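The next part holds the structures, each set out as structure tokens.
Two complexes follow with chain A in common, the first pairing it with chain B and the second with chain C.
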Partner chain A sequence: MKVFKKGRLEKILDKLSESAEVYVPMMRGAQSGFFDYKTYNPDFDELVLEALNVLRPPKEVVFPQTEKMYSFKQEGQDVIIDKVYEDENPRIIFGIRACDLKAIEYLDEVFLTCGYEDAFYKKRRENTVFIANACYTPGKNCFCESMGVNPVEPELADIVLREYSDEGYVWEVKTEKGENITRLISDLLEDKEVQLPELKKFVIKVDYDGVAEKLKGLFEHPMWDRLSEPCQTCGICTYICPTCHCFDIQVKAWGDEGYRFRCWDSCMYREYTQMAGGHNPRETAKERFRNRFLHKLEFFYERYGKPLCTGCGRCVFVCPSGVSIVKIIEEIKGA
Partner chain B sequence: MHKCNCENPLVPEIVEVIDIIDETPDVKTFKVSKIGGGVPFDVMPGQLAMVSLVPVGEGMFSVSWQEDNDHLQFAIKRVGLMTDELHRIEVGQKLGVRGPYGNGFPVEACKGKNMLFIGGGIGLAPLRSFIKYCFKHREDYGKITIIYGSRSYADLCFKDELFDKWPKEKETEVYVTIDKPEEGWDGHVGFVPSYLEELNISPENTIAVTCGPPVMIKFVLEVLEKMGYTDDQVITTLEMRMKCGIGKCGRCNIGSEYICLDGPVFTLAQLKQLPPEW
Partner chain C sequence: MKEITAKIQETAARLLESGQVDIFIGWQKGEFEYNTKPFFAHNVEEAKNLVFDEYSIHNLSNYLLKFRDGHEKIGIVVKGCDSRGIVRLLQDNQFKRDRLYIVGVPCPGMKDPLKRMYEDSGFAVKKPADSEMAEKCRHCIQPNPVIYDELIGEEKPPLLKGERFKEIKELEAKSYDERYAFFEKVLSTCIRCYACRQVCVACNCRTCIFDETKPQWVGRETNVSDNMMYHVVRASHMAGRCIECGECERVCPVDIPLMLINRKLIKDVAEFFGPYEAGIVYEEGAKPPLSMYKEDDPDDFI
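So, the complex of A and B:
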């Protein structure tokens, strides 16, 4: 087995950063997320490879919160699109967990299938390498196993890291992309036979089986009034969700030039579906709340054959009103 | 002229406005063609395109007609930021367009049928593409009935076609109504659904196609049901807020369908399978 000692982590990151943007889990002030290692400042930041789920999922590496699409110039009546910002920079997500990688698989479904390929996403995605970190001790909000994720065998990974003890990590190459990356740092790895830990039990379990089918008949069920009652439609659950993919397209212009960009949006906001003439198909908080959960648990399943939730537990943790998708699944089961 | 990456479905192609027609005080028809002529892409009746006044905004519009390989037409109502500015542009202005989006009307499946078109306000824009398609392929369709209404005479779109051209087509009847009586109007007065009920068009071998404000559509559907139309004989085209047009941005969903991709055209039978969120 190839392994590396924890003391070598920064050397590996330094080396990888020479040829790619390397996104690593860090605590940065009150924020935790995947930040470019080039911006790592040991006085303020802390590398937290061991953290299970940092607050901001790494989806923004392939699908940024705001992303320039194209710039334009206007001269009189003429308009020129002068640059399309398809971003092909090489990137590495270092330490991504199985649930967040599963989320990338779902984003691939959205952006790369069903008739159109989203070129902005595709270019970023193709040039991103995933170095996953296997989980052996699920956290108190984690329920990925219930949502069909295997936390020790992250799918889509090019390389899998396995923390075998306080000493270090196993470096397991999965793909050709992974081979190429490994070549860059092979002198920092060593050969060693180690014993891998056992996956510990999940604290949270939920039974999703049959939920999508059952929901077909529950659109008008009174439980949505009760369940949505605490929701303040703040939208934070959608922003920190690794699978939420809704976006808005907006323009920034000054004088005769500018650019069009897209940015994350949230189905929790009234404006999201507000139409000309005042009509809004999801006017009330209840309708928007119901749509969010039905999208995750029923509609996405109908379209792509999987739920749009990987059980990362972030929304359960951040919701200021205690809304929990786990409880909602249980309510649906019991309805 | 423009460096558009046609592989990228979210980047528009630049086109030129070659003609602008005032339809009503707040609706204009814009004719656009590629720079140097020709259509930027072919559309089927009922399909959509995203039009942008590039520095201002983008909006989804039905293509109200494709004139051969010459130009596309959009009938655009002034309702907000971008459409206000659009109403101020002049011939020669360059716009962005991307498309075509959506499924369009089932023009093949309707062959051999009598066609009943029921429109309200700007809702005639998408119907017009199908109506004109029927006239262009007149022998493929049976009797054509058009029922259309707006708030006032001034608010009726496509007046020369409504009052002059369409009534002269073979086996075609055009019924126009306005909401309230007004001086100089000796036609029908009242809302579209009640006019439809009055006219009581037989469902025999007929397909009804309707588009208009959501309230109008709801009442029209009730009336059609009363008149004996089955859910498979009724087609409507829906409008939801849209941004991407390609089933990615998420906002136009009704249940698991994306209206930009799987719609905007649905039969009532299909619509009844969906949650009532439109």
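So, the complex of A and C:
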């Protein structure tokens, strides 16, 4: 087995950063997310590869919250597209968990399949390498296993890291992309036979079986009135969700030039469904809330054959009003 | 707390039974002992789920906005700060007093369930604070409800220790550049989830300026300039109206010190137009200082 000692982590990241943007789980001030290692400042940031996960999901590496698409200017009677901002920089997401990697697989479905290819996403995605971090100890709100994720065998990974003890990580190469990356740091790896930990039991189990089918007849069910009561329609759940991918396309312009950009949008917001004539089909929390869960648990399944939830547990612990998708799935089962 | 819970259940059951209220808003226990959450009891049976414990921190008065266009009579439990939220809604003409049955509970200071949820998640999160009590409660000047139909429990002393605007004065003492750098840093992290707006009882505009599209007053990009625009505009709409419940700062997923901004405005409004504390007394027809005009209003800052 190839392994590396924890003391060598920063050396590895330094080396990888020479040829790519390396996104690493970090605590930055009060927030945690995947940040570019080049911006790592040990006085202010903390590397948190050992934490269960970070609050801001790594989806933003391939699908940034705000992304410039192209800029334009007016010349005489014509409008000239000045620049198209397709981003091909090589990137590595270092330490991504299986749930978040599964989420990228779902984003791939949305942005690359069923007859639609999103050029901006594609460029970023093709140039991204995933170094996953296998999860052996599920957290209090984790239920990835119930949503079809194997936490110790992250799919799509080019390399899998396995924390075998406090000493270090196994470095397991999975793909050719992974081979190429490994060559860059091979002098920092060593050969060692180690015992891998066992996957601990999940506290939370969710039974998603049959939920999508059942939901077909539940659009008008009174449970949505009650379940949505505490929801205050903020967008935290959608923005920290590794799978939520709704966006809006807008423009900023001054005089005769400007740029078009896209930015995350949230089905929790009024503006999301505001229609030109003033009508809003999702006026209250109930309609927005219902749509969010139907999208996750029914509509996405109908289109792609899987639910739009990987059981990462983020929305469960961040909701100011205590809404839990685990409870909602239970309610649907019982409805 | 158990006695208070029992009394709340009793009151709620009585009100729901007699039809005096249609819905009773309080708290229920969550999945863990610490994630107490808002609860809406619709009948006597459900009143048994109501609790009041050390995690009953949410300002429930915000939930009244869900019912503002209806005719339901609502029972609601309020602590000191939450009751100021009710005054906010009454003063802003968002709710009629006679649709409400207010159960006041003097507040001993709360712990934050959200903070515990974050800490126990196993995720990398901010280090725990040095006190068990929620940050917002450490600044509390009004633990006792200011408006109620029924009071449950003994009145409590204010929890604020030391000087009220200490942090604000420290900030004021900094240079323009230092302050700009500070706000640039804290506001750059905003993810524009609008949780601060959504939990705010003073944010009761039917169409929020940030949702308007014609014209679009504030850009939707998450960058320092749009983020600052959002926060500066929201803060100025809070001037003289913020009832200091601290919910905005509590729910912020990226820990923006929003109450620092709100307290600066509370201090300024009190100095320029005061003495004034928003929502501390309910007087029919009374308006916050920036919602009316007096000839002797100071204008030397213009």
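Quick note on the criterion: the second predicted complex is superposed on the first by the 334 of 335 C-alpha atoms of A that agree within 3 Å, B and C clash if a C-alpha of one lies under 4 Å from a C-alpha of the other, contacts with A are read in each partner's own complex, and residues count from 1 in each chain.
Just so it is clear, a contact is a pair of C-beta atoms (placed from the backbone, for glycine too) under 8 Å apart; a residue touches a chain by one contact, two chains touch by 3 or more.
What you see is a predicted model, and the numbers here were worked out from it, not measured in a lab.
> So, on chain A, is it clash or fit between chain B and chain C?
Aligned on chain A, chain B and chain C fit with no clash.
> Thinking of the overlay built on chain A, is A:248 touched by chain B (first), by chain C (second), by both, or by neither?
both
> Would you sort A:274 into first (chain B), second (chain C), both or neither based on which partner it touches?
both
> Which of the two partners, first being chain B and second being chain C, lies in contact with A:81: first, second, both, or neither?
In the superposed model, A:81 contacts chain B only, not chain C.
> Which partner does A:291 contact after superposing on A: first (chain B), second (chain C), both, neither?
Once the two structures are laid over each other on A, A:291 reaches chain B alone.
> Could you say whether A:335 touches chain B, chain C, both of them, or neither, answering first, second, both or neither?
So A:335 meets neither chain B nor chain C here.
> With both complexes overlaid on chain A, does A:72 touch chain B (first), chain C (second), both or neither?
After superposing on A, A:72 lies in contact with chain B but is clear of chain C.
> With the two structures laid over each other on chain A, which partner does A:203 touch: chain B (first), chain C (second), both, or neither?
After superposing on A, A:203 lies clear of both chain B and chain C.
> Closest pair of CA atoms, one in chain B and one in chain C, after superposing: how far apart in Å?
6
> Quick check on the output: what are the common chain A residues between the chain B footprint and the chain C footprint?
Shared contact residues on chain A (touching chain B in one complex, chain C in the other): 248, 265, 274.
> Quick check: in the complex, which residue numbers of chain C touch chain A?
The contact residues of chain C facing chain A are 30-32, 35-40, 58, 62-63, 66, 113-114, 117-118, 120-126, 189, 191-195, 197-199, 207-208, 211, 213, 216, 219-223, 247, 250-251, 253-255.
> State the interface residues of chain A toward chain C in the complex, per the touch definition above.
Interface residues on chain A, with respect to chain C: 25-27, 29-32, 46, 48, 51-56, 65-66, 137, 139-142, 226, 229-230, 232-236, 238-240, 248, 250, 252, 261, 263-266, 269-271, 274, 284-285, 313-314, 316-318, 320-322, 324, 327.
> With touch defined as at the start, can you tell me which chain A residues reach chain B in the complex?
By the definition above, chain A touches chain B via 69-70, 72, 74, 77-84, 86, 110-111, 114-120, 219, 245-249, 251, 253, 256-258, 260, 262, 265, 267, 272-277, 279, 281-282, 287, 291, 294-295, 298-300, 302-303.
> Report the residues of chain B in contact with chain A in the complex, numbered from low to high.
Against chain A, the touching part of chain B is residues 1-5, 7-12, 14, 54-58, 77, 79-80, 89-90, 92-96, 213-214, 239-241, 243-244, 246-251, 253-256, 261, 275, 277-278.
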